[in-house]
């Protein structure tokens, strides 16, 4: 199977999930809080005349484990749904193959479980 | 010292202590409200009560006290005692505040100003989490004036409602109902917080962030209310009743207790859970309701008043929400509806002998079968309702159309703490503070928070101008 | 006003102020206990003290006050003054509460009811984090009655222990020891919290979640104790000592100070750390111990009593834990053991002249070499211990075998806030609140928390019935 | 009771109530300071105020009260009343504390000891987050003695500054300026917290972790200050002014209000944001400044004093930071600079009639055109400044060179809660507490926190010795 | 080497770690808080008569970097230990190859370090 | 492209980021809070005479998506910068290939975007 991962801004998490389900039928995602540093180099912030700088902005890291043929449609759904129209910070998305994908409850391959 | 002087000394102790207790209610409101709102606004919400007290203290000293209690006015407004000087304030029972004859005029200021500040504190409850900072100042001044006028009507011996015998022992109408009317005007003009109502109009729950804070707030308010109601005896003897304030404290206490039980029970019945915020609001509603009645009613009636008020807290909050008004704290229900109930309940349950002893109005419907007192109470509610609501609505409307009273969406989303004041109330949960939570080997990776592409004007203005090195 | 009336007026001011201070101790207990328990129960633990005050206020008004102080009873129980009406409460020194001759009976109610509420607040400390909500109500009523009976024994002039000259100035026995006895009964019947003791019986540390709250609680309690002990003079003159309450405040203060130092030192010696929760508990233990003694002892003895009590707080908490009893707050040690110590210490250190001036018992062992007073104190402890423990144990046992007093494991795991009341005390740390922490661009990704497969019955009942759209 | 006795009774009520209010200011300092510092130190910072109160209570009882007010001393120090016994404390206006003639000597102790504790609380503000625990004890004792000496100079009728007519109604100099002088000595000897100043010397912001706590602290302090200033009348009549304490409360209140507005406005102008911590500090600065003046000035002057003090809070905090002194709470600016301002302002604005009525000094520059009083005030500031700063600096310097006053870097990084006391103030945010936040199905994965390779000595000492099974 | 990743319910973290160590001898894991959305579609929650819905349940994400031959035994140990007996929510587990695995302290290949 | 992942102690996050940028010119990283259990087996902690044990120490998980040729230099930069000199706990670092790396804002391949 394929693992499709994406870094998105946090308020797009649910939009992205919905887009994936609507466009590909895939259900199942794991979400992790992340902070990112990219071309958009963070923010500054002031307090009592002092500057606070942070090189990080809040993001979320999404993992979808999907059947091989879904990797591209899922990627497309993510990229479209993650776009906010802002000038930067929308994140990135990539895929990689994974093996031995097992469903913990049943101990069977996830692919089989999903078909059922 | 003569015995007369000793009575004044004792009365002054009591009234000053009571005033101090009432002053502390600002901490109660600060924590009640901070607990019932969100983390991102916690500093703003809490510290605002310090501003409330500051504004009321200055404005009431300058003009409010004279409007409310200055000698030589008419039925609508007082006529002297503005900017009172040392001698004015040390005087006892003479001009310009001759109404205060059991305590020095300075003690009168102290006791009255903290009431004005409570009324003002109520206003912001329904306007929480979305009001511009300048409005606190502008409307704070306006409202203190409105308040002073109405308190003249009901509590000054020259006031027109006073002459009609309206019974409002410690201010269900003067303090709470008025505050709630302005709060309602504000909530209507502001509109609901982002996310409070879905696209379909269904309300979303926005639970408060800290029930411990809310509990602290309620217990401080209960504590302070022992100054609020019993202090309104203004002395150690009331008519011929010695230490009457102790009795007033008793009715206050049993009503508050009944309010907790009423709120808890009704929330259990109606929303199927013994909701904590509603139970706590039940206490406040009961205290609001017993405020008018506390000097006039029997203990059993106090319990009834409290129970009903507890129910009002729950049903009122739900009704206000159903009417699509977003009142984060429940101020309209808890201070407004319960204030109306308390004012009317006094007209129902006032014990004739107690009314007579206080020389204010007469016995209530229950005892006398007469609607007289109830009518007076209703008249007062209508008059105050019309005046205070329209004046508040008018003033806030003017502010809305001129400079605007609601913060930008980005500011509201980011929270008022960082947007309006430049720093979160709980910074370590939001940004990496040197040596703080989330840095070094501590609990979490701190992240700098800020609206991404469209930072609130206030934030960028400050940051953009400064070199960052 | 006559001089006699003036004395009454002054005494009423003092007693009412003291009562108000004691009432505020509920906020102290709320924060002491909330700080010493876990985040998931914070709202429940704090807000419970509002219920405690509510229940005690109503029950004590209805029957407790009559049981404790009503005229015409016998050595065991009072005989009138139930549901007192306006006149009963305004009366001074006449039926049905003729014992209160320096203050109106209403002031007597106020002062006594807040003591009952303190005793009730203590009960829940050892039962925290696992007791069903209904028990607070049912046992709250039962305990208020038990309390009223014992307070009659010791404080009513008709009481059998009063006649024996038992010295319990402000209630080390009546208030604290009693509360701790019921707490112990509850802790035994409930069993320990999940995870408190390992499979091998070794105790695990479950540190409280907020030391700032605990500190606030302790400082509020110290503050309130200045009403508790000095207020128990019930007036401005005690025997022939004018302003004796100031002296009582002094002994109270130095004892509390010594308790802090005792707790800190002993924890440093025994567990190798100046533990904050134990230092803070040392203050409370010292205040508990000085409660009986405050009017009877010299300042040096107050310091000794406080130091020993501070040590008791540390050693007692560890001993109780070693006995496999799970007392999250340390109520049994801090109120029970220190209460016993304070009661006995009075029998040891009572200054003959002070006992005589208060017309209660006689001088203690230290001064007189006689075991008389110490014997009386011990008799009181045994009698109260037997009665209160067995009555409390019996009542709670009955509740246990009928409806059950302990929440289900799932409810306990999920926390009482969400399970019993439908919402966390700190929602933004647990779920995504609209516009709150962890949503949008804020600090963390909020997650909906709930027990996964077996949600507590209470939670599902409410949610399952509602359409989710 | 005679009328004279009744005056004493009433005065004792007032003074004891005032003392209780002042005692509660410890909770105010605890929360002000805890709110302005970091999460990792919260328990230590808050609970330290319990120790402050404990140490001051015992030391002042043993020797401080005698040094300050004991009969038979000279201009520099009192001469009797050490370890006072029961009779000494019950006496009114006789040896060894004959200065207290309107209240029993025990009430005098109570009122004075809480002032000593406030002064001591101020000391630690500037030394927060990096001082060794033993210093609290050692310097706490030393400072209580220093304080007692200076309070003798200014407040005892034998004191040399008292004889010169220095006006310090409730202690801008005695309490606040002194505390700030020791705080400054401490901050200088300790050096800044790790991370406060960058390698280039530029200051970094270390915002406090909880603005709600800070707000609570400020409101408690405002509340307590109604005991602080008005209580300093020491009775119900001052000269020929009945209930003069009410007037003092009024000047205190309008000054505090003006301080909030001053702090807010100046921070808005200077740092372009209505900073909450500075607004709140403005209130404290104003209260500090009005402390000396409250009994001597007109309301308009109180407002001016407050406004200026609010500005001082902002500019002073920034100036201290610019001078590379790390004062986490702003104690030096808020208590020191504002204390100086208040002391001088009294010499400027004292109303001649009020000074005469209090029989202390004379009218100020504004009214009399004479620099006399201002000169006396300045003399007092110089004398106290020299004595208290050098004594404090000397004592702390000695402690520094002998045992060390600053914790190790690892301890400071890990936080004082875990390093000094063995447990965080908010454990559930740092470690997996059984059944707590972050365990089981709760919000986050808890992590055990500890410095990785070089754990603070104190932590390892305790853990290494214990088998871990 | 192989990277074995697993999504498990949070109170199984230590059970899973122990099972891996006991059955395969492998020591070393990195744990990350996650929230997941799978076939079990989240929970609803009520407050003041209003419904709160959350599509996410708390999970943990575990990463084990193991020698190639351990990938399967580790997977098996995880799957068994992660099973709670509940009706759903036990998560999934997968593997993928990783390269250049380096031990930061020594700068050497992890495989070598582990052998030592 | 390659995904280079690293587990490092938290106070090295910025040092590592800077080292990567300085030595390879690569900008862009996603950081996730983690806790780890390795050869260094956790800590113990005491309270009221009771022992608290934790098997976990706080770490951070860093993800760099880089051009293939940067994988090794980035790895080297990380390993060097992550070294604290302490006796243990510095973490590990590894790489794996990823595909279809897409830039959400533009919808184009990240490689192209970076070149621009």
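In this document, chain identifiers A, B, C, D, E and F correspond to the written order of the chains, with residue numbering beginning at 1 in each.
One rule holds in what follows: a contact is a pair of C-beta atoms (placed from the backbone, for glycine too) under 8 Å apart; a residue touches a chain by one contact, two chains touch by 3 or more.
What you are looking at is a predicted structure, and each value in this text was computed from that prediction instead of being measured.
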| item | value |
| --- | --- |
| Graph separation of chain A and chain E (steps between touching chains) | 1 |
| Self-contact between copies chain B and chain C, residue sets same or different by half | different |
| Whole-Å gap separating chain E and chain F, where each centre is the average of the chain's CA atoms | 18 |
| Interchain centroid distance [CA atoms averaged], chain C/chain D, Å | 31 |
| Centre-of-Cα separation between chain B and chain A, whole angstrom | 47 |
| Centre-to-centre distance between chain D and chain A (centres being mean Cα positions), rounded to whole Å | 53 |
| Of all residues in chain E, the ones touching two or more other chains | 9, 31-33, 35, 46-48, 51-52, 55-56, 58, 86, 88-89, 96 |
| For chain D, residues that touch 2 or more chains besides their own | 3, 6, 10, 13, 17, 204-205, 207, 210, 271-273, 275, 277, 422-423, 440-445, 447, 449-450, 452, 462 |
| Of chain C, residues touching chain D in the complex | 3, 6-7, 10, 13-14, 17, 21, 38-40, 193-196, 204-212, 214-216, 218-220, 222-223, 226-227, 230, 236-237, 241-247, 249-250, 253-254, 256-261, 264, 271-277, 279-280, 283, 298-300, 303, 351, 353-354, 412-414, 429-430, 444, 447, 449-452 |
| Complex contact set, residues of chain C against chain B | 1-3, 5-6, 8-10, 12-13, 15-17, 19-20, 23-24, 26-27, 30-31, 34, 42-44, 46-47, 49-51, 53-58, 61, 83-86, 89-90, 92, 103-104, 106-107, 109-110, 113, 133, 210, 213, 417, 420-428, 433-437, 440-443, 458, 461-462, 465 |
| Residue ranges of chain A in contact with chain F within the complex | 5-8, 32-39, 55-56, 59, 61, 71-72, 75, 78-80, 82-83, 86, 88-96 |
| List of chain C residues in touch with chain F within their complex | 203-205, 207, 270-273, 275, 277-278, 317-318 |
| Chain F to chain C touching residues, read off their complex | 46-52 |
